[in-house]
Amino acid sequence: MYSRTYKSLVSIPPLLWVGVFLLLPYTLMFAHSLWAVRDGVMVHQWNWDNYKTLFSNPLYAEVLLRTMRIAGSVTVCSLLLGYPLAYYLAFQVGARKELQYQLVVVPLWVSYLVRGYAWKTILGSDGVLNGFLQYLHLTHEPVGFFLYSPFAVVLMLTHIYTPFVFLPIYAALEHIPRPLIEASQDLGASSWQTFWRVILPLSMPGLLAGATFAFVLSLGDFLAPLLVGGPSGTMIANVVQSLFGAAFDWPLGAAISVGILVITISLLFLSEFLEKQWAFK
Amino acid sequence: MKAPLSTGRSSLLAIYAAFVFAFIYLPIVVLVVYSFNRDGVGGFPPRHFTLDWYSQLFADSSIWDSVLNSLVVAGASIVLALTLGLLAALALDRASFPGKALFRRLVLLPLILPGIITGLSLLMFAKYADLPLSLWTVFLGHGTALISVATTELFAGLQKLDRAQEEASLDLGATPWQTFWRITLPNLKLSLIAAGLLIFTLSMDEIAVTFFLIGRDNTLPLEIWGRLRRGITPEINAVSTLIFAVSLGLIVSWYHLRSRSLGAQPGSYSNNLRTRRTS
Amino acid sequence: MSASPANPPLQNSAKGALLLELRNVGKRFGATDVLKNISLNIASGEFLTLLGESGSGKTTLLRLIAGFERPSSGEIWMGGRRLDCQPPYKRPVNTVFQNYALFPHLNARDNVAYGLRVKSTPASEITGRVEEALSMVKMRGFAASRPSQLSGGQQQRIALARTLVNHPQLLLLDEPLSALDANLRKQMQSELKALQRQIGITFLFVTHDQEEAMALSDRIALLRDGALEQVASPREVYARPATAYTAQFIGQTNLLRGEVRGCMATCGALRWPVDEADGPVIFSLRPEAIRLAADGKRQTNEVKFRGAIRQQLYGGSSELLEVDCGNDQTLRIRIPACGPLTGEHDFVFSMSDAIRVQE
């Protein structure tokens, strides 16, 4: 139905733009990772040194592992918070479902910075939380680990990503035809069994999508550590950021970025593959 | 509207759900409350209501300069992202060409990729092309990354569009160009606006990509970020509260539009599913 | 293009001059031939129905004529000019879509006026023609309504008006009544028929409902798996089906399979003289052609047989009997209502009512 002119007209501009401003930059980044810095200047000598450094220097492995732990914790906590909420809204709320749904989604739109800053003010030694605990005489002096720790990073990122995780799970739950659940109950399954045997498996694609999103974005986050992480909460993206800043080693930074890119894309493919396995029509 | 199921654990689940809601809203509530607190941020409970922080905010010219910068970048990003996003959505919906799957993944990649990667790769591109870092490079970053948002939203809108309407238009004598302007675009109106709002909000809040592409002129988030590095002042609470209020306004309009767009689509007035071309 | 039982020459059709010619049209999607070598002539002013099951290719054929697909082989000619090369907006053909495809952002009047507006017709002319079209479909009072405010039947009328206003040479209707409930459907059928008679535009109507096809058409083109099974008037198709498929698709029938030897046909328990060559045969015998033998007697041109009544379905004015004639042969017989029957009875039918059909 659409002529070749039409199809060319709509495909070529975005193809061109994406090619020049996405594909080319990624390629450049990969190229940079194969160069080096000598005497404070970047030279275009092709070598694998940066990658060798990454694999041999235990420092990077340590940071990467910490980052993965943090990202993993964020994902698990977001799921623990987001899934039950989605379940509650999908199955147990009647009249005001739409309103409550919007209430969950609103914070998504509120600035990342605003929310991060809010946690900073809450968790500090002079912050609201410590003040609250002292007011209730539960503690007598400020608790230190609330802020500037991996705990704070996980807390903040969980706060950010719980709505993100909620959305696809809710959509998947809403999609489950109610007659299936009624049939399960009709055949004698308890609520828990129905959940475990019917609802959870059918919601898997949504769960996977949300979990992947939370994990991947937490993995590459550098702002949360800067806000609330402190030295013990540094993540791999901070390392990259400093390599492009004060520590001036673009090639090494590019190599780590390529690593992050590879991990991200692998996780995406894995997630897609699993989603297809667990999608039922 | 699906009726609720009785699953027997309702009260426990309801309490848990309330807890999750509280967790999500707590920081924002604290922020707003303390923006009116004379003694600044910290301590409990807040005493001494004051509007001083707000008046200090309104007198702060560099904040407002950065707001203007952000608005300009957001506006330009909307135009770029919507235009290319519409074309990309049309291409994905209607054209087939070699490398289409790769194209689709590439267009949607910035959505899921951590901002630092997109930001750094564009930084390297800018250095390579000898582009000075400025609001132009920021615009480049925002516009390119947000094409993915526009494409997703508009593609969904195109899917809801009944193909038969465009065929009917051609059948009645309109050329493809006329059909695009008279039928396709009006039907996408709500999707376009919704996408625009989303792009606006994301651009106004963008930090990760902007971080690496910023020149001398700051955008609002980076202006706030700079101040945060120097220490906390409740003025930041005030501006954050304002941002929250504006975001709230925007999302309410977005939802209003979304539900209108779902109501006005063909699926609701004809009870039949779209026919499959089997006979 | 030679005449065959499946495609009789145009002189057999009731109406006027040749309007549309399909010459050996074929359509292939991937590895599947959805349409195979279709040759068909449509006369100006006639009501031709494309009848077939889903998957038979009838909607594909319609879309080829409308211009949304191109034929993989063959040509389409209209008024002495080749049609299949032209895009849909240049063809003097309009389509009423199955789900109407009304433009939701325009009201009824603007929907109807659409085809005139895109061709830059003067506004004064548009007003008049739109009013005329709306009157024809009895929707004058609804000009300002949006499609979402109209019922299914009303939307259908607007969709019709939207096409008629352009005075197309050929109107294509893609199962336009299938979305309506039974009563509304019957009403719209008769209105459509009257409308077509009144304005005289050629209608090419697609449906899978054989009763609808019989009621409305001047001719029926029965499609089976992408090929034309038979093209003839409804009465012709019913009384003289060309194949077993046609006989079963249109109305009900009994298929008698058997053999001819020495000018005698033997199908199970039935034997009667025929003027056919030796070999296997199939006959179509309509249930209403069989009746109870009066006093067990038969006329010279009738065939008599005996059978046990297995089932009797009462239908108000008639009974539908399932009769077992032995040797695994069961016949369906329709007789006027007569109260419950049991046991064995004698039945007769005229030899001329047994129509020979191809496989």
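Quick notes on this one:
Per-chain residue numbering starts at 1, and chain names A, B and C are given in the order in which the chains are listed.
Please note the rule applied: a residue touches a chain if its C-beta (ideal position, glycine included) is under 8 Å from a C-beta of that chain, and two chains touch if they have at least 3 such contacts.
Just so it is clear, the structure is predicted and the values come from calculations on it, not from any experiment.
Chain centre most remote from that of chain B: C (centre = mean of CA atoms).
Distance from each chain's C-alpha mean to the overall C-alpha mean is smallest for B.
Distance from the chain B centre to the chain C centre is 54 Å, each centre being the mean of its Cα atoms. If you average the CA atoms of chain A and of chain B, the two centres end up 17 Å from each other. Centres computed as Cα averages put chain A at a distance of 59 Å from chain C.
Contacts with at least two other chains are made by residues 68, 87 of chain C. Of all residues in chain B, those touching 2 or more other chains are 167, 170, 176, listed in ascending order. Under the contact definition stated at the top, the residues of chain A that touch 2 or more other chains are 1, 3.
Chain B contributes residues 1-5, 7-10, 13-14, 16-17, 20-21, 23-28, 30-31, 34, 41-45, 84-85, 87-88, 90-91, 94-95, 97, 103, 106-107, 109-110, 112-117, 120-125, 128, 140, 144, 147, 151, 166-167, 170, 176, 201, 204-205, 207-208, 211-212, 221, 224-225, 228, 232, 236-237, 240, 243-244, 247-248, 250-251, 255 to its touches with chain A in the complex.
Contact residues of chain C toward chain B in the complex are 52-60, 63, 66-68, 87-90, 93-95, 97-105, 114-115, 118-119, 147-148, 150, 152, 155, 162-163, 166, 179, 206, 208.
By the touch rule above, chain B contacts chain C in their complex via residues 162, 164-165, 167-176, 178, 182-183, 186-187, 189, 264-266, 268-272, 274-275, 277-279. Residues 1-3, 6-7, 9-11, 13-15, 17-18, 21-26, 28-29, 32, 81-82, 84-85, 87-89, 91-94, 97, 102-107, 109-115, 117-122, 124, 126-128, 131-132, 134-135, 159, 162-163, 174, 178, 181, 190-191, 194-195, 212-213, 216-217, 219-223, 227, 237, 240-241, 244, 250, 253-254, 257, 260-261, 264, 268 of chain A touch chain B in their complex.
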